[in-house]
Amino acid sequence: MSEFLAKYAFLIVPLIKVAILVFAVLTVDAYLTWLERKVIAHIQARWGPHRVGPHGLLQPLADGIKFILKEDPMPAGVDKIGYFLAPFLTLTLAVTSLSVIPFGPDIKAFGYVTNFGIADVNVSLLVLFAITALGVYGVALAGWASNNKYSLLGGLRSSAQMISYELALTLSVVGVLLIAGDLSLKHIVEYQENGNLGLLGWNLFGFAKDHAGFTQIIGFVCFFIAAIAETNRVPFDLPEAESELVAGFHTEYASMKFAMFFIGEYTSMIAVSCLATILFFGGWLSPFPAYWTFTHYLPSVILIPFGLWVIFDGVRYETIFGRILLPGVGATLTAIGAALFLFPAANDVIQGPFWFFAKVFVFLFFYIWMRGTLPRFRYDQLMDFGWKILLPVSIGNVVLTSAFLLWRMH
Amino acid sequence: MPILENLWIIPLLPLLGSAINGLFGAKWSKPVVNSIALGSTGVSFLCAVEAVREFLAGGSQPFRKEFFDWIVAGSFRAGFDLQLDQLTVVMLLVVTGVGFLIHIYSTGYMAHEGGYYRFFSYLNLFMFFMLILVLAANYVLLFVGWEGVGLCSYLLIGFYFLRKSAADAGKKAFIVNRIGDFGFMLGMFLLFRTFHSLDFATVFDAASKPEVAVEPMGQFGILTVACLLLFVGAIGKSAQLPLYVWLPDAMEGPTPVSALIHAATMVTAGVYMVARSHVLFTHAPTAMYVVAIVGCATAFFAATIGLVQSDIKKVLAYSTVSQLGYMFLACGVGAFGAGIFHLMTHAFFKALLFLSAGSVIHAMGGEQDMWNMGGLSKKIKATFVCMLFGTIAIAGFPPFAAFFSKDAILFAAYNYENGGKVLYGVGLLAAVLTSFYMFRLIWLTFFGEKRYDEHHVHVHESPGSMTGPLMILAFLSLTGGWFALPALFGGKDYFAEFLSPVFGAGEAGGGEAAQSMEHILSIVAVVAATAGLLVAWQMYSKNVKRGTSEGVHKLLYNKYYVDELYAAAVVRPLVWLSTNVLWKVVDAGMIDGTVNGVADGAAAVGDTVRHTQSGNTRSYAVWVVVGAIVVLGIVFWPILHPAVFGGVR
Amino acid sequence: MVPTNYYLILSAILFGLGVLAFVFKRNVITIFMAIELMLNAVNLAFVAFSRALGKSDGEVFVLFVIIVAAAEAAVGLGIIILTARNRRSLNVERVDLLKL
Amino acid sequence: MTASVIIFFVLAALAVLASVSLILQRHPIHSALSLIVVMVALAGLYLLMGAEFVAAVQIIVYGGAVMVLFVFVIMLLNAGEEERTNFSKLATFGGIPLALALSGMIAAGIARSSSQLATSPATAEGAISSTRQLSMLLFKDFVYPFELTSFLILIAILGAIVLAQREN
């Protein structure tokens, strides 16, 4: 049995990882929608979903069931291949893009050493860009195939927009590449490690330990804006501008196919947030200097009070179901926190992922926040901004960085 | 900056002026154009003076400098080499000085003409080429200037190119000069073949070596032939018999041009060239003799024609021809110094005469026929006085310039051994005629009652910009000859002495007998001039009408029908040949035939091939594939043919 | 390990298919794609050679080819848009003014 | 029959089939999609050969930019199915044999070319450092051609703009 494992480990381990990842991603997506609705609701002084389950916690589940059970009409005169291909393409690419992202440092378990993440390619950044580059086709195809003027316009718009902002996206990263001198995301993260300065070592600030560093704030701003445009989110959500294009490229899609677009969009949001975290915010690195060992207990320090609060909040909930569910959740969280506190080994393993996901969460929250607050661009404004401001600025960043590096060399 | 070291500045300045005016002058106002034209010439005149000062200060050593190689082919080298010696000094000062004066004059004279900037651009260009000609240190560069002044003369004669007569005159001058240039070039080739160089220094040193024998009289050695060929060039440029015909027609150009180019400077280029190559000529007595005869004949012949002309400028033109004849006579009899001397004085008084004539024409509003003038002396005093100065000078009354120079020439001719007396006689006769037609001009123009219509022409004195130069020139033509004044009283001829380093001493014949003889001859000359004056006064002082011309008068008036003769002998046959052979047979037949044949062939091929152009892109694509296959086949052949023939590797 | 020959043969096949498409498609854009296909076949051969010889020069040339292809696409598609506007058709056989 | 050979044949088959479908599809969009498949397959082959940088560039530039442009133009011009006109006899009858002759020629040339290179495995020894090697070559030995290509791109952009803008 064990030698079988040993023999086919190279096949089994990735499969397990993929399974975990896909499951995790779907769940996170689902609850991201819940979070989004809640946050926006509170921004607009509403309650948001609160019927299905306590605090509407089961809303995503209900949505999922609805998506599966709904009828799936296919409009007349669609181009079948395109019409079916588009959503699959979108979802697949979005999920695949996560496969090269290292969520944490390598894990050493049962004598095996494996990377925290699915694939460890030495040009993972390029691979990531390659996958996102293909992402255009989903939208464009959907728009064209569904034989509908609104969809076509949406598709055209989005393909134009994605091509335009892809340039800025790629160029804004070049600064980081110049500093790190490596295309592997893992190495880029490790490079940003700075034992006694903590977060100052991140590319955002660029006081790396013993190499030439240079602050990439400009690069980060460009990157983030371009990323929002790439993911077709507010304020760049022209492809699906309800007011003008009904729902843009996915007007003609319903039930599961629509869900695929939906999930794809959120997944790409996650992917982009991960990328930003890795490139500019030191990935899984803790923002504190290494010798502040007490910060290692931060997870527990957050989890235990939160869990206790959930219990406290749960026992006073209106519905009985809530009074059962919420305390349960709270208890679990508290337990996890306590466990981490008690078993330092597990705690150390958890450190990297903890920081990583914390940062990603911040970005995702930012996404939602913007959606709640910002108005939409006009199309020509969008194009002008992309070509006349974002692109030059990111190029300028490249020039600046390389000039600085040269100066450091001599 | 020592100008002498940078001689090129002197010619360059007018060139710049010409270029600037020619390129941009069209848009500029007249003052700007003036300032550029006058500035360039004036500064170049000052530079010339400075150069001469340095030259004299430097012990008047002949200066020669090679600035850059122009043509280098095997042993042949023609560089941009400039030189400065006494002869050049004289020419340089005359050219720049008189040229500058005439520029000033032109600003007044051309004030109301069109193509103002064009005129000055040409004029400056002429200055440039003339200076090159004068300063050149080898025959090739000299020839450049030679041709350049020819070009400018052509442009300026045809300045009023809308007038057919002007355009024709320009062409005539150009073509006639070609004949001379042909001879000149042949001469150059012969010289190069003989001396393997065309630098003055090299050639003359080689020629003046003792082992180079002087070719005896009547024998045609290489030197003689070369000199004769060069002289042909001089004949063309300096309008001697039989090629003088272009000069009278050249009067179609504006009067300042006639003064500068066709009296003072360009036409004397021939004389300068002969004098420059005097070393060769002295080795070829035969050539010298020819030169003397031609010059003498021209002097007399042109003078006779001048007697009856009615156009004031024509008279002056013929007098120019005859005066040039005098200079060649001088060169022919070996008195190069005297020739150059006369060249200088002639430059002064002939420029003066032309400019005064121009002033008269200006006053008469363009009228050139002397028979329509008369009684102008009171109306335009300044012009009259200047003209009078010029006339007296050219007639050869002492103490005016021409007295000394012409006297020197006649004296030299008298002393010339073979047939000198005859030459002297003819020259004297010419002198009489000269003084006659000049005073005829004076009386017809300035005295008698007016023969023009007051209402149409209102006579007015010319502006200061015109009279000013006149006065300066008048002064010069009075004093220009006084270098030789001491010679009369047994002193020495400073001019001849100044030039002696170039021409060698021993021409101003010393000795008591010669001295007394010279006095006698001078008196004779004065007497002759007086005779001419008296006759003219006799004939023209009282009222006269335009005489009907018959007999000799008619013959003279029509210039001995030389033009008609040339037309019959040369022009018509040429025209016939060109039309019937060159055009109809060679051009229309052979050349056009070939060209059209080629074109038709191409058309025929195209007609057949164009059917592949179906316009269908896919067919083109297939053709591309075919081409690819062929190319691959060629490339892969070495490794492919076993595959093709089933061979085994 | 895969022998170089395999790659070369594959690139030859792809190239041939590209030629076929080049000759047989009527749509300008598709013909353009055929050209791109041929370029890709050539790229494959390039990479195969460079890996076989252990030198990266071939890959550099692949990069150059890609750059050129991009430029070509930009200009070519511009031309195609113009022709489509003027001729109201993308069929190359309907664009046949270039003949006697 | 190692794993790499299997992968090779899978990808090769994918590429060939996709290019065949490029020919057979009547609608330009479908042809474009098939071409994209070809390119992705080729990228996989590059990865198999260890040329990961080229693979990535292949997908980013070809798949992500050039082909997007194609699709974009097809949508813009709203190109319909192609009409199978046969005005060119030459293409109709001469096309297939000529194309076959051409590819056959190339194949024969390869088959006859020097054997030891042909049979040597097409895989890099230092796959990890190959990207670095590549950049060294690109920015040291081939720097002038590289800069020239940038000019080429610039000119192409200008040309495209000039061509595409409407006269007004």
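All chains are identified by letter, namely A, B, C and D, in their written order; residue positions are counted from 1 within each chain.
We take it that a contact is a pair of C-beta atoms (placed from the backbone, for glycine too) under 8 Å apart; a residue touches a chain by one contact, two chains touch by 3 or more.
The structure displayed is predicted, hence computed values, not measured ones.
J.: Report the inter-centroid distance (CA atoms only) between chain A and chain D in whole Å.
T.: 32
J.: Can you work out the whole-Å distance between the CA centroids of chain A and chain C?
T.: Roughly 37 Å separates the two chain centres.
J.: Using mean C-alpha positions as chain centres, tell me how far chain C is from chain D in Å, no decimals.
T.: From the centre of chain C to the centre of chain D is 6 Å.
J.: Centroid from C-alpha atoms only, then distance chain B to chain D, rounded to Å. What do you get?
T.: 78
J.: For chain C, give me the residues that contact two or more of the other chains.
T.: Correct list: 19, 23-24, 26, 93, 96.
J.: Which chain D residues touch at least two other chains?
T.: Only 53, 57, 65, 69, 76, 87-88, 91, 95, 98-99, 102, 106, 111 qualify.
J.: Can you tell me, using the touch rule above, whether these chains form a line, ring, star, complete graph or other shape?
T.: Its topology fits none of the listed shapes; call it other.
J.: Between which chains does touch occur?
T.: The list of touching pairs comes to A-D, B-C, B-D, C-D.
J.: Which residues of chain C touch chain D in the complex?
T.: Against chain D, chain C makes touches at 1-10, 12-21, 23-27, 29-30, 32-34, 36-37, 40, 43-44, 47-54, 56-57, 59-60, 62-64, 66-75, 77-82, 84, 90-91, 93-94, 96.
J.: Which residues, counting only chain C, touch chain B once they are in their complex?
T.: Interface residues on the chain C side: 19, 22-24, 26, 31, 92-93, 95-100.
J.: If we count contacts the way the header does, which residues on chain B are in touch with chain C in the complex?
T.: 610-611, 613-618, 621-622, 625, 628
J.: Spell out the part of chain D that touches chain B in their complex, as residue ranges.
T.: 87-88, 90-91, 94-95, 98-99, 101-102, 105-106, 108-109, 111-113
J.: Contact residues on chain D for chain A in the complex?
T.: Interface residues on the chain D side: 27, 29-30, 33, 36, 40, 43, 52-53, 55-57, 59-60, 63-65, 68-69, 71-72, 75-76, 128, 131.
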